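Shared between the two complexes below is subunit A, which pairs with subunit B and subunit C, respectively.
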Partner chain A sequence: MRASGLVFVWTMLAIPIAQFIVFWLVPNFDSLLMAFQNPSVDGLTFMNFQRFWHELTLPNSTLVIAIENTLIYFAVHIFIGMPIVVFIAFVLFKNVPGGKFFRVLFYLPSIVGGPVTAGIYRYLVSTGGPVEAILTWMHIPFDSQLGLLGNPETAFLMCIIYSLWTGVGINMIMFYGALNRIPKEIFESAKMDGAGFWRQFAQIAVPLIWPTITTMLVFLMSSIFTTYSCVMLLCPQTPQADMIGWYIVRYTVYTSNAAGDEVLNYPAAVGFVFTLIGFPLTLLVKKVCEKISSTVEY
Partner chain B sequence: MKKMTLLGIGLTALAALSLVGCGHSTQAGGGSVIQVKLYQAGWGREWLDAEITAFEKAYSAEKYTVDVVESTSKVPETTEGEIETATGKNKNQIDLYFTSNVSINRVISKSKNILRSSNEVLLESFDDILGEGAIGSDRVEEKTTIKDRLYNGMDPMIRYSGDISNWTGKAFTLPWATSATSLIVNPKILADDGLSVPLTSDELITDVQAVAAKTATTNIYPYTWAGNNASGYWNFLFATWFAQYQTLAGFNKFLATTPDSGTMKDNGYDVYHDQGILESLKVMTSLLNLDYSPDGSANMLAPEAQHQFLAGKAAFMVNGDWLLNEMKTEYATEAKAMQIIKCPVLSSIGTEAGLTDAELHTVVAAIDDGKAFSDLSSIVALTQANFDRIKVARGVYNSLGASHQILIPSYSDAKDAAKLFVRFILSQDGCRIFRENAYGSLPFRYDQGDTSGLSTFEQSDLKVLNNGDSTTFFNELYSYSPLRVAANLLTFNYNSWISPTTFKAVLLAKGAFTAQHMFDQEYQYEKDNWSTYVSYLG
Partner chain C sequence: MTFSRTNHQILRKERHFEWASRDIHEKIVIMISFVIFALYSATLLFAVLWVAYNSLKTARAFDTNPFSLPDITDLQWSNYAQAWKADVKGVTILEAFWNSIWMSFVSVVLGLLASSMTAYVVAKYHFRGSKIIYAVAVFIQIIPLVGGVSGFYKLVWSDLQIANDPFLIWPMWFGGFGFSFLILVSAFKSIPWDYAESAFVDGAGHFRVFWQIMLPMVRPVLASLFIVNMISAWSEYMTSYLYLPDYPTLAFAVYELSTEAVRVGTPLYFAIIIIAMLPTLILFTVFQKMIMENTTTGGLKG
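This part shows the complex of A and B:
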């Protein structure tokens, strides 16, 4: 490449690099610094981490509840949610009748705004809603006084179901795209060899789109400790439905506004701890996935 | 080369998109153009538009123009950052903010680094106009100073209390909204059940139980509440009863974690052993029961709960006087018929005074009618001291305090004009305009004139506020105690119930929690963890 071309390219890249520095590097570095600071003390301190440990060891700790819920949330999404989405994508890929309609239907929650889908969902599962009517008709007990979201015992389960429902669309599109890149001849020859629907799914489709599955799993894991929208939208004041992401947001939004001074140091420390856990966890998941199936070429 | 070029162009376009939200497109104000941002909360925007119309008319010769650049609920999130952008090409052009929850101490502390001078500060001081009268449509300065018209208890809240001695005690903000947060009553439901507005906490509990006894037939509940996002509203009642029992001074000691004897570090946890907390909890645990609210309340949003209340589903609701403005589109008639009442006086105050609850009712009613101790000679057990105590308790109400702030950047090109506009808003005319359009009150006394034409709701609101002569207190925990800041110490910290969800837990428990149990458990929890909290102070 000529020198003039290089100059042009690097000039054009300067803006996104500056943006990365200003909007990602600086805030995250500042957050890291805040984790080791406290208005009560000059200089750096481990006070916020000591507090984190203290919160962790309290009886009925809300932090422990948040950690447990977060792990359950992601286990459900990895072992139940993702296989279902891959399966749905494969079914649509096989050109079932009404496939286009279902594709739009499944994708709709992803394009309608979060508050709107949350509002619809709340209506569906609340007292007097369709879910109550169905459960009552099926003679399944429904606590109409609390509703499913108001009941501390079922609130988090409802958050998980909501997130599974709204998460189908965008993930399905990714897997559907990956399936469409597989040469059709592979499925045709498998069919000729007597491979039925399930064998095609399990032994051809899944292995061939494994790199996409790996990518989506890595995306999922990288957001493990920052996800909170379902709790915020559906039951923000139900401690039993807490997640780590919401725990951190609560400490920044609800407490810092009332303070005369900065109280972002503790949530910064919590964020830092879970970054230290989440980062190697994400790399581990990536490594394990890559070991399961090596690079696919076709 | 082509690929790299395309990559560069694509990334640049993407990066440029992310910068779209930065800055604003207004021109510099300067001189007679005042650029304003408004935090559009429960009081809406109509009041500001009406103030602008009147102000511009009064100053048509000078051609003052007020330009509302933004009026959204997001204004508070960006106020601090904007004010701190005091220099350079993207210098903040906004002259006047009606915002909320800005940390004045923090902004002032950053002034030296941003302005590169110890003698300058980012915010304009209001000390000059506080010592002057407001100026209304007649352009004549009023005789009473703005400071003297400020509601009781607000003055300390508007002053800088940080470490920079140059600025200590200076007023860098003025409050632009206040609200009585209390019980709102549906008078028709009470009348239909032969009940009256409760003046004591025992009467409130009796009313609640009376309405609850008929719920199966009437489908009307004692109260609505919003379990999804406003369960903390119950704290308004709890805090008011606490402050009634211990007086405001006692309540503020709790906020400041300073015990009666000893020190904050040694035994500050003793503030959690305050009798006022127990007395208040006794009422709360008797009052709160999920059976007393409509099905689904545990996850209702605040607007939903307000809908239920105004649709006649409940006799009471804990809320603020923003209710009328928020619901005026669909429920104007219903909301205007509601009554906001002073928090009933804690019955245990009467008991300690040797009075029956009926006698306490009589005393409270007399106080509301402006009567003196000498008018109550028929109540033999009543002493002057107890009368005074009940009178003080009756005058206490929980408010938003000075959390809603008027701010002017010190580097504004139009700060003189902005201050003139502020003086207009705080004038007699301005206060009336606010009342007429926002159905709320600016926290400055004014001649309310003949209020008989106002709705029930508005008249009752004015009675609670008492034109600033009541004792307002603000349950702002962190302003008072460095330990609360360091340890994020809330009103209740025991993990079975965490503020603001404490009373949600009580409601869901349906009477299983007792006041004594909650009180003892919370105190023990604070005592066990106090040394850890103190260690956070460094």
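This part shows the complex of A and C:
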């Protein structure tokens, strides 16, 4: 390439790369460094990790609750949410009556965004709302003093239900799109060979859209310790409904507002620990998914 | 995917999936699914309608019976007039609406500008480092970095001191290696280089070729990225929460008020929710086909 071309290339790249260094590389590297620093000592220290360990071993530790909730949330989404959405996409693909209407409507919650859906959901499940009316009609006790979100016992359950209720859209569109890219002849010939509905689903549809499923699973896994929107939007003050992602943001924002930068070290250390756990976990899921797809023959 | 091909595919599919040709299992599953889908849809539709019609009641009428339809002779349109003046941490909803408009517009335009620049050279020029840049961009999409928020918070508030400033914060949005970058790289790759070649012969410089020839050719991709990014930027609340607390967006206002809606009154809060979701609903209705297809193909490349 001529020199003028090279000059052009790096002129175009200079500002975005500088932006990337300042707004991505530096803060991430700084977080890593902060995890090993503490204003009370010079040099590097393991103090923040000692505090992490201490918080873990406390009785009724909020950190342990946050970890448990995170695992529950992701188990529900991976083993219940994801399969249901794959199946929904397949039924829509098979032309259920009103399919187009359903597709658009299921996608709507993702369009209007978290604050709006959470704002509405809050009222649906609060005292005097429709959910209380239905539960009372079904003779299920409802604590109208606290409401479902105010009650620490049920708060996190309500967060999970909210995330499932509003979370069908994007994955459904992905799987539906993937199904539509499968050549129709495959389903036709399978049908001729006598493959029924369930066999078409399990032995043709799922294996053929497995790459898309893998992608969505890997994205889900990589966000495991950074997901917090449902908790932040619905019950940010309830320790029993905490998640790791929110735990870190909460510590970053609340404590630093109160005491300046120095207390950012603890959330940075927590983040570091969960990066160390999350990274191999994501890779593992990716490897396992790819292994499964390589054993499928079609 | 072109328009005619999509139509063709749908036609073929409809011919193929005749109801009569389905086996009994399939008919049963489809019918049960239809009922479940209808129930789920009913919860979504009810939620929106319930909020919409209650936004036209007086606070007392809502407290008396939250399910009855509003008195048709006495619809409280004044709730909407008042909603604009409602206060969120010293800022009115009208101001928050304006914040949402400029913030989503500026952040999306800056992001697309930076991504077009980077994507163009990575897709169209062979130079040392272009493969690495692409690999890094893919890598940061899936790497699960958890603690970054602490470092970012420190950077924006104390190192750079650009937080809470509606102009100094702009560089934060000039990111050229995100999801839009990956989409635009493949868009630029699909455009033949011949056009640029002949422009170079006519004496055009690299920048002119980029700006006046190549960029207009990816206009459809840019347009759909613009719409999709605008919709997600409209419901952005973390930026206000973390970095621009004095400039709450409408989405952030909806979040803030959700915990203290008692103060403004429920019907008024519902009116604010309706105001907050109308722009995205309108965009979605107008560009629905484009948005759903973009999401689909986005997953292919992502």
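Miscellaneous remarks
Just so we're on the same page, the second predicted complex is superposed on the first by the 273 of 298 C-alpha atoms of A that agree within 3 Å, B and C clash if a C-alpha of one lies under 4 Å from a C-alpha of the other, contacts with A are read in each partner's own complex, and residues count from 1 in each chain.
Simple rule for what comes next: a residue touches a chain if its C-beta (ideal position, glycine included) is under 8 Å from a C-beta of that chain, and two chains touch if they have at least 3 such contacts.
This one's a predicted model, so the numbers in the text were calculated from it and none came from an experiment.
Of the two partner chains, subunit B and subunit C are each touched by A:Q19.
By the document's definition of touching, of the two partners only subunit C reaches A:L124; subunit B does not. In the superposition on chain A, contact is made by A:A268 with subunit C only, not with subunit B. Of the two partner chains placed by superposition, only subunit C is touched by A:I170; subunit B is not.
Looking at the shared chain after the overlay, A:I224 reaches subunit C, while subunit B stays out of its contact range. Of the two partner chains, neither subunit B nor subunit C is touched by A:F49. Of the two partner chains placed by the overlay, subunit B and subunit C both lie in contact with A:V9. In the superposed model, A:M34 lies in contact with subunit C only, and not with subunit B. The partner of subunit A that touches more of its residues, comparing subunit B with subunit C, is C.
Across the two superposed structures, the residue set of subunit A contacted by subunit B and also by subunit C is 1, 5, 8-9, 12-13, 15-16, 19, 23, 122, 128, 261. Residue ranges on subunit C touching subunit A, taken from their complex, read 9, 12-14, 16-17, 22-23, 25-26, 29-30, 33-34, 37-38, 40-41, 43-48, 50-51, 63, 66-67, 114, 117-118, 120-121, 125-127, 133, 140, 142-155, 157-158, 160, 171-172, 174-177, 205-207, 210, 231-232, 234-235, 237, 241-242, 251-252, 254-255, 257-258, 266, 269-270, 273, 276-277, 280-281, 284, 288, 291-293, 295-297, 299-300, 302. Contacts from subunit A toward subunit B in the complex involve residues 1-2, 5, 8-13, 15-16, 18-19, 23, 38-41, 45, 47, 50-51, 54, 58-62, 122, 126-128, 144-147, 149-152, 155, 234-239, 251, 254-255, 257-263, 266. Within the complex, the subunit B residues that touch subunit A are 1, 4-5, 7-9, 11-12, 14-16, 18-19, 101, 103-106, 161, 227-229, 231-232, 290-291, 295-299, 476-479, 482, 485-488, 495-496, 498, 500-501, 504, 508, 529, 532, 535-538. Looking at the complex, you find that subunit A touches subunit C at residues 1, 4-6, 8-9, 12-13, 15-17, 19-20, 22-24, 26-32, 34-35, 88, 91, 94-98, 101-109, 111-116, 118-124, 128-130, 133, 165, 168, 170, 173-174, 176-178, 180, 184, 187-188, 196-198, 212, 215-216, 218-219, 221-226, 233, 244-245, 248-249, 252-253, 256, 261, 264-265, 267-272, 274-275, 278-279, 281-282.
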